[in-house]
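The next part holds the structures, each set out as structure tokens.
In the two complexes that follow, chain A is the common piece, with chain B as its partner first and chain C second.
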Partner chain A sequence: MPNKLITQENLKALVNELAASYDVFAPKRENENTVSFGKLQAFEEYVSGVLLTNTTAKDKVYLQSEQLFQYELKKDTVEFKEKAPGKEAVIFGGRPCDARGFDVIDKLFNWSGYEDGPYTGGRKNTTIITVSCEKPETTCFCTSFAGGSPADGKGSDILLTPVSGKFLAELLTERGEKLAAKYSKYFSEAGEAETAAKAEFAKAAEAKIAKKLDLAAIKKNLDASFDSFYWDTVHLPCVKCGACTYVCPTCYCFDITEKKFGYLNGERNRTWDSCMSEMFTKMAGGHNPRTDTKRRFRQRFMHKFRYHVDNFKEELCTGCGRCIRRCPVGIDIRKVVEDAK
Partner chain B sequence: MSNIYIPHKARIASIKQETADIKSFQFELLDPEVRKNFKWKSGQFLILSVFGVGEATFTFANPQTRSEYVECSIKKTGLVTEALHDLEVGDIVAIRGPYGNWFPFEKFKGQNLLFVGGGIGIAAIRSPIEYSLDTRNDFKDITILYGGRSPLDICYFDKFDEWQGKKANLVLTADKGSEGWKHKVGFVPAVLKEMKPSRDNCTVITCGPPIMIKFVLKELTDLGFAPEQIVTTLEMKMKCGLGKCGRCNIQQLYVCKDGPVFDYAEIKKLPDEF
Partner chain C sequence: MEKEMQEIAKKLLAEKKVDWVIGYENSFEPGASRPVFINKPEDAVKLVFNKSCVNNLAVYLPKVKKQKAAVIAKGCDLRSVREIIKEHQILRENVVIIGVACEGVESSKCSTCRENKLDGADFTVGTVKDLGRKEDLSDIEKFEKLSSKEKEAFWNKEFERCIRCYACRNVCPVCYCPDCFANRLMPEYLNKVVNTAENKVFQQIRMQHVFGRCTDCRACEEACPVGIKLSLLTKKMSKDAKKLFNYESGKDTDSRPPLSTFKVDEEGIAEIM
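Up next is the complex of A and B:
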């Protein structure tokens, strides 16, 4: 796929035009201290300088709480009604680690012989336009992962990288190509010089990420450390708030609940859940295999860097570092898994 | 786009009160097409919807050889089961499934079978018991050890004649006996020890409360049974049954898709979490 170029002015015009016909979600100031993915009315609302939005764009596809179906009990039967598919959406201005998160959970929602319609329906309806990171944060560690980079396009449909006052636009999927073709008036052809400049950009950005985890060594240590005394103390600062799971681009666990409207009708919902909650594994009758914080804490890290790797050959983490920044007691996922023995 | 969370409609065809807190339900799938294609194997499970309350996971109590209805024996323990106990014949529920793996009966051919069940765990092994009785010639001796807390907690009295009539040796026990109780008194593991089953050419299928399982495994190991000879079904909280919601994850396994049937050798490789 030949790369394209887009100028700052054209990008602005493109986003404004997109906002007229799609739901465009982009980093937007929610209040003085918070930038999150919000629905964009105009390009001016887009906050371009923030790497780590408060939460990821995950919830624009995999809703925090979504209706699976509605039911209505009738005489001798029950009727189900499915939600109509949502408007086509564009996630604009997310970062490579966010986009990669979609790529990671896509696999989960499609494995085990079952395609999760409510998730994949939203996913197919969404075009992801990502912007490469020039100055990674101190908590960033995307380069630890195979192919991970502040300028990596995995999970994105279009990747924009700033080069010589413009953006190099890499069209990475059919969906990305389609969108660029539809709005071709805003794009021009990129030359070899710009593509080379992108490689330079990537190299420079990667060099700014100080922390690189040795994932093979971590996996080996985790494989052997389930019964280790390490877990007896490492969890102690944790206050079980679950913020780490909430802001994570790859945490996917959910609960299924029911909301009753009346005696005869209601809806079945799916809601994000957290392995840090005691209720997560508590069964009817009271038995709970993970009764205490130590067990739940261990499960979270083991799942991300060991169990998931056994099943999917990749970590359940993209190195965005949000859990590090959001943790009220400063637990650093990099340190937790690196120190496990 | 396939919404795998929409269940099959069903109606309650019959309810039988087994004990004070256990009822056996027969469910009839409403759509004849679905009913025809709804096939399961002993050991698999289903997810039942009680509208207005939610979903819960149950094992099939009847085997594929007796599949006119979907049958579940359900103890009142949580929100969904309590609501279910309040329902009546003719009420509408819904079913998703079947999910999970099943007892590998092809491996057990020509062997003696020993079933060890405790409490509501009997619901999970009634299906393989009746399957083995329906394919009786494939197996040698069939022995069933079943215990409850008291004689009043024993289910399936109406089935015992048939089980014994098909040449199964049935041993009943109650943790505490009562007047008129002509069977054994004592915990299941203790009775098992007394029975001294031979490990030769024998597979054990067991299900019951965690504490019973723990000591049954110990007794069987003392009797020389190899871990591969002991098969059980694991219990773990589940929501989706489809390997997605994440909560039945133990090590790299998801109990809902890799289980719920495991042999003791596989369980020994798992962390000590349940």
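Up next is the complex of A and C:
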């Protein structure tokens, strides 16, 4: 598919038109220091200058609380009600690391031939329009991962990269092509010059990311360090809240609970859960294999850079650095895994 | 100032007076810092103190209670240290308090700070200056004047964002319950479903639990990953504790928190009945 071009004005008009017929989620200001993916009424609400929103776009597809079904006990039967599928959505203005997060958890929710209904349903309903990053932050480390870049399109349907006052629009999936075809009046054809300019843009942005993890060495060290004394002290500053896991674009662990409305009816919900929480591994009989904070802390890093690599041949991390920024005590995931021995 | 702090820490560790020194070290970018636990005298050089040292390190003290720890404390943090000594979460003799003369960090509380004195600290680093700052309750008074409907609308908007990561609870020096109501399944006080109503229930119960114990240190607000304005609640609670019970949390280590005692004639209460 040839690349397209879209001007600033046309992008504005496109987003406004999309907002009329889809749920458009984009970085939106909540208060003076919070920008999160919120439902956009008009393009003016979109905050373009912020690289890292406080939370990720993950929760627009993989809801923090998902109702699986409602039930009601009738005389000699049980009646189930499933939730109606949501409106078609567009996630606009996310960054390559956010989009890549979807690509990572797609594999998990479609693992071993099992398709997770609520997640894949939401995913099929959502078009992701990402914007490349010009000025990465000090906490960014997306280039550590295979193919990771501030201008990488993995997980996006359309990737917008600013080139010569316009945006180069790469249509990366069928969904992206469909959307561009539907709103073709806003797009023009891109030439080779713009495509070359994008490559330059990517190179310049990548060069601004100072930190690059040696993932092979980290994996090797983590493989050998489960019982290491390292974990005895490194976890001490961690307060074991779940901020890091809930702002992460790839953390996917969940819990399933019931909510009773009365004796005969209720609903079953899936809610995000966090390995940092003591309740996460507590079993019905009261036993808890991860009682202490050290084991819970170790699990997060082992899962991301060791177990997930064993199972999926890629890390459960996209290098967005949100966990570093949002951690109340400044735990730096890069340092924790690099120092592990 | 940092050098002095490092020397004290090094000496305490070398002489085995403490097992840990809890302070601040440089973090991911210039001008950022994070809490650090130090147990080797040679690592004391890592300690720093600057405007980014916002964390209230008192939160760690109940967790090291079987060991001895030295803690770097600003004047405001010292109030939390006194409060948890008062509540028997740590023994005074197990804590060495290294007070630092602070002239303000990057926190919303600093513009009205009158708490930088270091009374009761074992060591004092730097010279405490009178910052000449005044109490400012105008934001609370303005909020109090809103109608119930307006207040509800404001809090609904704030707690709609809450992701219930419990960072506010976990960084709070006086939120040390080993079995928090929010984690209980039987009885289930709080459903795991995250929505505005449940989120508000969580914060309402938490705030009620810390009333008269909260020192308005703002650790919860600073920790919140979605920027919920919790200081409106903590500041209001401090104001009410003072007005209703003439009580200031963390002022000393021996007075009783107001909700843990009972008086037949509570002077401040009659007027709100």
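Just so it is clear, the second predicted complex is superposed on the first by the 341 of 341 C-alpha atoms of A that agree within 3 Å, B and C clash if a C-alpha of one lies under 4 Å from a C-alpha of the other, contacts with A are read in each partner's own complex, and residues count from 1 in each chain.
To be clear about the criterion, a residue touches a chain if its C-beta (ideal position, glycine included) is under 8 Å from a C-beta of that chain, and two chains touch if they have at least 3 such contacts.
As the structure is a computational prediction, the values presented were derived from the model and not from experiment.
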State whether chain B and chain C clash or fit side by side on chain A once the two structures are superposed. fit
Using only C-alpha centres after the superposition, what angle do chain B and chain C make about chain A, to the nearest 10 degrees? 90
Between chain B and chain C, whom does A:Pro328 touch in the aligned arrangement: first, second, both, or neither? second
A:Ser112 contacts which: chain B (first), chain C (second), both, neither? first
Touching A:Gly266 in the superposition: chain B (first), chain C (second), both, neither? first
Applying the touch criterion given at the start, work out whether A:Val78 contacts chain B, chain C, both or neither, answering first, second, both or neither. first
The answer to whether chain B or chain C touches more of chain A is B
Once chain A of both complexes is superposed, is A:Thr55 in touch with chain B (first), chain C (second), both, or neither? second
Considering only touches as defined above, state whether A:Thr257 meets chain B (first), chain C (second), both or neither. both
Using only C-alpha atoms, work out how near chain B sits to chain C after the chain A superposition, in angstrom. 7
Do chain B and chain C touch any of the same residues on chain A, and if so, which? 255, 257, 273
Write out the stretch or stretches of chain A touching chain C in their complex. 30-34, 36, 54-55, 64-65, 138-139, 233, 236-237, 239-243, 245-247, 255, 257, 259, 269, 271-274, 277-279, 324, 326, 328-332
Can you check the complex and tell me which residues of chain B touch chain A? 1-6, 9, 11, 30, 49, 51-56, 77-81, 90, 92, 94, 210, 235-237, 239-240, 242-247, 249-252, 254, 257, 271-274
What residues on chain A touch chain B, complex-wise? 68-69, 71, 73, 76-78, 80, 82, 85, 108-109, 111-118, 120-121, 124, 226-227, 252-258, 260, 263, 266, 268, 270, 273, 275, 280-285, 287, 289-290, 295, 299, 302-303, 306-307, 310-311
Report the residues of chain C in contact with chain A in the complex, numbered from low to high. 20, 27-29, 32-37, 39, 55, 59-60, 161, 163-167, 169-171, 183, 185, 191-195, 219, 222-223, 225-227, 229
